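Chain naming follows the written order as A, B, C, D, E and F, and within any one chain the residues start at number 1.
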Amino acid sequence: MSKKKVKKLINGKGIRYDGRKLNELRPIKLEVGVLDNADGSAYIEQGKNKILAAVYGPKEVHPKHLAMPDRSLLRCRYHMAPFSVEERKSPAPSRREKELSKVIREAFEPSVFTEYYPRTSIDIVIEVLQADGGTRCAGITAASLALADAGIPMRDLVSACAAGKVEGHLVLDVADLEDKQGEADVPVAYMPNLNAITLLQMDGMLTSEEFEQAINLAVEGCKQIYQLQKEALKAKYVEVKEAKKEDAEQ
Amino acid sequence: MSKKKVKKLINGKGIRYDGRKLNELRPIKLEVGVLDNADGSAYIEQGKNKILAAVYGPKEVHPKHLAMPDRSLLRCRYHMAPFSVEERKSPAPSRREKELSKVIREAFEPSVFTEYYPRTSIDIVIEVLQADGGTRCAGITAASLALADAGIPMRDLVSACAAGKVEGHLVLDVADLEDKQGEADVPVAYMPNLNAITLLQMDGMLTSEEFEQAINLAVEGCKQIYQLQKEALKAKYVEVKEAKKEDAEQ
Amino acid sequence: MSKKKVKKLINGKGIRYDGRKLNELRPIKLEVGVLDNADGSAYIEQGKNKILAAVYGPKEVHPKHLAMPDRSLLRCRYHMAPFSVEERKSPAPSRREKELSKVIREAFEPSVFTEYYPRTSIDIVIEVLQADGGTRCAGITAASLALADAGIPMRDLVSACAAGKVEGHLVLDVADLEDKQGEADVPVAYMPNLNAITLLQMDGMLTSEEFEQAINLAVEGCKQIYQLQKEALKAKYVEVKEAKKEDAEQ
Amino acid sequence: MTSSIIARVRQKRIEQLISLGKRLDERGLTDYREVQVEVGVIEKAEGSARVRLGKTEVLVGIKIELGAPFSDVPDKGVLTVNAELVPLASPTFEPGPPNENSIELARVVDRGIRESEAIDLEKLCIEPGKKVFIVFVDVYVLNYDGNLIDASALAALAALLNTKLFKYAVKEGEVQIKPGYKPLSIRNHPVAVTFAKINDKLVVDPGLEEEQVMEARLTMTIEKDGKICALQKGGAGYFKIQQILEAGKIARKKAAELRKLVVKK
Amino acid sequence: MTSSIIARVRQKRIEQLISLGKRLDERGLTDYREVQVEVGVIEKAEGSARVRLGKTEVLVGIKIELGAPFSDVPDKGVLTVNAELVPLASPTFEPGPPNENSIELARVVDRGIRESEAIDLEKLCIEPGKKVFIVFVDVYVLNYDGNLIDASALAALAALLNTKLFKYAVKEGEVQIKPGYKPLSIRNHPVAVTFAKINDKLVVDPGLEEEQVMEARLTMTIEKDGKICALQKGGAGYFKIQQILEAGKIARKKAAELRKLVVKK
Amino acid sequence: MTSSIIARVRQKRIEQLISLGKRLDERGLTDYREVQVEVGVIEKAEGSARVRLGKTEVLVGIKIELGAPFSDVPDKGVLTVNAELVPLASPTFEPGPPNENSIELARVVDRGIRESEAIDLEKLCIEPGKKVFIVFVDVYVLNYDGNLIDASALAALAALLNTKLFKYAVKEGEVQIKPGYKPLSIRNHPVAVTFAKINDKLVVDPGLEEEQVMEARLTMTIEKDGKICALQKGGAGYFKIQQILEAGKIARKKAAELRKLVVKK
């Protein structure tokens, strides 16, 4: 976290620079089934984040020696497009991208019934087309929908959201500028029905009281996002049903 | 194409800076069977180009999973020696070399009866020792002889030559300086007996009339080179026959 | 060898800058069985060199296609820690490290009864934690103990030591500064019982007389180190026996 | 085995249709699939465009940065085209460094832009031999259903036309960013038209299934005045001269149609 | 198969013990294994420390060099943490470029140092935008018996506290080394505490066998005033919020104990 | 299996011959195969030479470029030797980054040139610490029939002796190329002589089949006054001290013979 304060981010009334209240999410747009080739896919816009997620699988594992006799191999690739950030990013995966790929995969491990598909792999691909803070969380939110869209059985959807500390205030859904100038960022992935935290990281510094508030705030955010995810799935389901009806009527 | 005109390349009488007429090839020297280990090999000098081509195969494919049940796997590596160009080239294959390796391989695909040797590979190696413009074409011309030298059955020899546009004139067999200062370069690979164009690329700009002339000019060049290739093979064949006769006489 | 004389390294009485006589080894400390996971391990301090060696094997070869039907595959990795030298070294293996890995492996080939363990591999790992000249020799001395510690049958221990020429004098066990300012460095690996030189390299310039003296000097050094190796193994053996006795007595 | 039988049946079907002048999706032989172009989709990039060609979907983002010129052209900015076949787009795309397919794609797109001199690279020189603008054209394939070259070239052109360049001043050798933008100067409009040769006939804009059965591929990039500015033959087959000349005529017509979709009057 | 049966028996045993509040090596659930810290072990490095955590053994060496700052923080020195899982340390460690495990290890250690602002990076700036000190923290794993993060973070802290910075003067833009050293200014003391969740219970400092059966892993890095300065959940399982808050309390206590081993009063 | 029986029969045959002082190709034990040296074969390179040692064929090209010196020797030019085992040369050579064989080859050639101080690197310094000439020696193996080291070292020496350095002037810190060339200053002439130990006997210039059965390999590089300037033992076997000293005597003689082929009086 850079401590250089470039701009006042929260005004006296507790309103953030983008007009949000402290515990308010950015506008979120979710779409399910947006890519033709993938077995499942979803698109998320959250603030200026624009992220695509795709799922391929369950499918034959390549290379074969990675196949597991008792469950499916879950793989994940989190990747940012070269043009997604201020300064062009080399398309070769950075250390950051490799770490996030790992923790995102681990965020889905508790969700997916991998034991249903031994000797296969399920590949999650997250491509950040435009980054605006909180890409790992938004990527997880989208990827969970892509898994559902692919028909992969899950214990629960995974919803993800960060809380953070900015200019002394605990805030929900940390935006890019808040992340850069703020005091802490706590990304959380959560399965609401199981009360299970499946990803937890933190940059910054928080007292234990602040941390407790932050994690509760993030979990509240996850629950709101969970509702949006279910609506997005329902919208897709309805769309498909209507399309089928139309087909039948023709 | 750089448009900086460093030097007048064609004089008022249509004579090029190296003394050639517009539709004249550079001096070409072809030798077949120049390397001891390769199953087939050839050497070409065309202008100051000096290029070796070798063929290994048909042979067992390594790694095995690349083997194809119904035909031979044709592979090609076009590579420039670090000392072949003005400024030392890193020996790691460049993007250009990777693209040329692909299109050269595709230039030979229509020529080789790959179906005769299922589950094998045929490897074409082209090493540019000195580059003087038109290395891909000269490399193809040599590699075709190397394939013949290796006894690989072919529908026809592949002959290659570029046409181009320099100072407003269409010219045959574009040299390095003409390529750098000229307006267009159209490399063509051609099987004369089948009237088949197996490689076609272009840098530069041409009207459709110019393009039609250029491609016809390049094909004429290919036909001349075809004769030279056949002579080179005959020379080798005679040499081998005479060597055998000598052996027999001893 | 840089010829820049920064400092007088040998005084009028033939005493070296670190107080040693010309034919004197640096203080050497050897410890066997220092790492818990490795099948065998050893630690050496020689001057300021600090080097760990570990052996894993005989074990299944990975990848399998490298396995040999009639003997064990000996592999070696000589590697320097980034902080082992003045200027931080990138952890990616340098060309020097790759060459040394090869010649060190070849220094052990004549020693190990690889034919006893067909289809397996024996992996030697040498990690230079601090470098002070003569790391390849010190690494070999330690790795030989690690092989013994792993219970790998050997024709003889391999002992290694360099001789060199510094300010016109032939010296034993060349230190870093002597290597940098000196006229020649001749690292030698040797199996005393077989009178077998298993590694020999040289940087610098020597007349044939000097070379003969240097190689004899290095071999004398190896013989001294051989004694130290045997003592280190004995110390370990006694320690184990005593530990077992203690276990029995408890 | 079964799948290869199905594949052969499918191949036969495609070939039969084409010999009748028809195609699987009921297009004519020289018809493009539906083309959708959307620009400015990535606000943070200096330029961007998404092109859909039927189900093929490509996103191009343009970034502009300061850097050094090449030593042999010290007075020109630098154009760099890169293509990523991201694993989103197809079960056959593997993560990893660019392979020959993505390199070819990038280089064919590059050639069209470079040879038509679409970007005025001289204007991107700040200090000759020292500092120039580098234009990064990143082609990002999102869904692969055939004919990536045409979709990518079109998206690249649309993105370039949509690109803004920040204003700057040079003070004592240092470049200072000033408020405001101006459009990147684009003076030519190269459009790629790709043909597949199937059963010895030419079809434009091959879909994925057509690509899988085609004998050879030919891309012709046509600039705004109808000149050819790049060519690329691909695939294991060959073309007759006559086919290439015929392709040239079609390409000019098709390029003009496609160009209208991205170039505003 | 047999080995996997043995593994399952072992797993059962570990789980049963933990449900009784016990562990394989007779530690309590919140006990660390024996910790040994040795500093200055690599004289040629600017700083160094070896930490043993039971049989886990990690060496950290610090090198300081001159270099350029990042363009977005021109007035700060650079911290670079790298971790090597060298093949010495385990039969499962392969030579090669860093994999996701070594990258995660390095980044979690980095985060604790960076976020607690342990190093005063402003003081490592020599000439803004041009020349700064780069602090290389190289984590070298020598023997792997579980809980590399805590051992590495502790060794990194001990090494940093042991680091000397050469004195220098800047003359006409050139840095000149002067005789003598001063200690590197370290103003905070982050300590990582890692929990394994096994059979829904938390244990600290998991050994290798515990790591092999754990459901999930949680690392909390605690700075000198008891604030949390880095978090990392790992592993295929999950945590309940209550478990995380409980872990926070234990972590603060454990971190204070560990800190005493490396920070001299 | 059959091929390995044939190989063993062949091995026996080679060993028997050598015990009788003979070799497969009727050479004596200390005879080289026919050596052909051709210089200036690559006109565009600053220097070049092709050496044929029997059927082994190596091409060396020299390029000279401007660059920065190493920080620890700011007043010297840079020598860089690289070797490529190009897939032209043998069915066993795979494309890809240098492996341990090509690295060893390059480094042994490098050592002979560097340690004999054949190139006067001080003369290649243009501006200390800033700008020097870099001499790239690229070894390109065209046909592999054993003993690459001797062929490569000889070709490198011949190419260096054939190398021209462009003239230049330094104006305001910029190097300006001037018309004309002068020869690169070469002040020593290192020549490598390689021995194979087969059936406990030494043979020089081993051919490929001899390399396949040899127990060990020893290269001695001898400079113009008969001093040894580089050594390299290779292979899985060993040497007795006496064998090494004996090799030294032969090497000096052989090196003098080979040197005559490339150094003009």
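The rule we apply is simple: a residue touches a chain if its C-beta (ideal position, glycine included) is under 8 Å from a C-beta of that chain, and two chains touch if they have at least 3 such contacts.
Bear in mind that the values here come from a model prediction, so they are computed numbers and not experimental data.
Visitor: What is the minimum number of touch steps required to go from chain A to chain F?
Guide: 3
Visitor: Which chains does chain B share as contact partners with chain D?
Guide: Intersection of chain B and chain D contact lists gives nothing.
Visitor: What chain is the most remote from chain F, judged by the mean position of CA atoms in each chain?
Guide: A
Visitor: Matching over half of the contact pairs by residue number, can you pick out the copy of the B-D interface from C-E, A-D or C-F?
Guide: Match found for B-D within C-E, A-D or C-F: C-F.
Visitor: How many angstrom lie between the centres of chain B and chain F, each centre taken as the mean Cα position?
Guide: Here chain B and chain F have centroids separated by 31 Å.
Visitor: How big is the gap, in whole Å, between where the Cα atoms of chain B centre and where those of chain C centre?
Guide: Their C-alpha centroids are separated by 52 Å.
Visitor: I'd like to verify one number: the distance from the centre of chain B to the centre of chain E, where each centre is the average of its C-alpha atoms, in whole angstrom.
Guide: Roughly 58 Å separates the two chain centres.
Visitor: Among all residues of chain E, which ones touch two or more of the remaining chains?
Guide: There are none in chain E.
Visitor: Give the residues of chain A that touch two or more other chains, as numbers and ranges in rising order.
Guide: none
Visitor: With chains as vertices joined when they touch, what's the shape: line, ring, star, complete or other?
Guide: The chain contacts form a single closed ring, each chain touching exactly two others.
Visitor: What order results when the ring of chains is traversed from chain C, passing next through chain F?
Guide: If we begin at chain C and move next to chain F, the sequence is C, F, B, D, A, E.
Visitor: Okay, in this complex, where on chain B does chain F touch?
Guide: Those residues of chain B that touch chain F are 35-38, 41, 48, 50, 52, 54, 56, 59, 77, 79, 81-88, 91-93, 123, 125, 127, 129-132.
Visitor: Show which residues of chain D lie in contact with chain B when the two form their complex.
Guide: The contact residues of chain D facing chain B are 71-73, 98, 100, 103-104, 106-107, 111, 115-116, 216, 218, 223, 226-241, 244-245, 248-249, 252.
Visitor: Along chain B, where are the residues that touch chain D in the complex?
Guide: Of all residues in chain B, those touching chain D are 1-2, 87, 95-96, 98-99, 101-103, 106, 109-110, 186, 191, 194-208, 211-212, 215-216, 219.
Visitor: Give every residue of chain E touching chain C within the complex, in rising order.
Guide: Residue list for chain E touching chain C: 41-45, 48, 55, 57, 59, 61-63, 65, 82, 84, 86-91, 95, 97, 136, 138, 140, 142-145.
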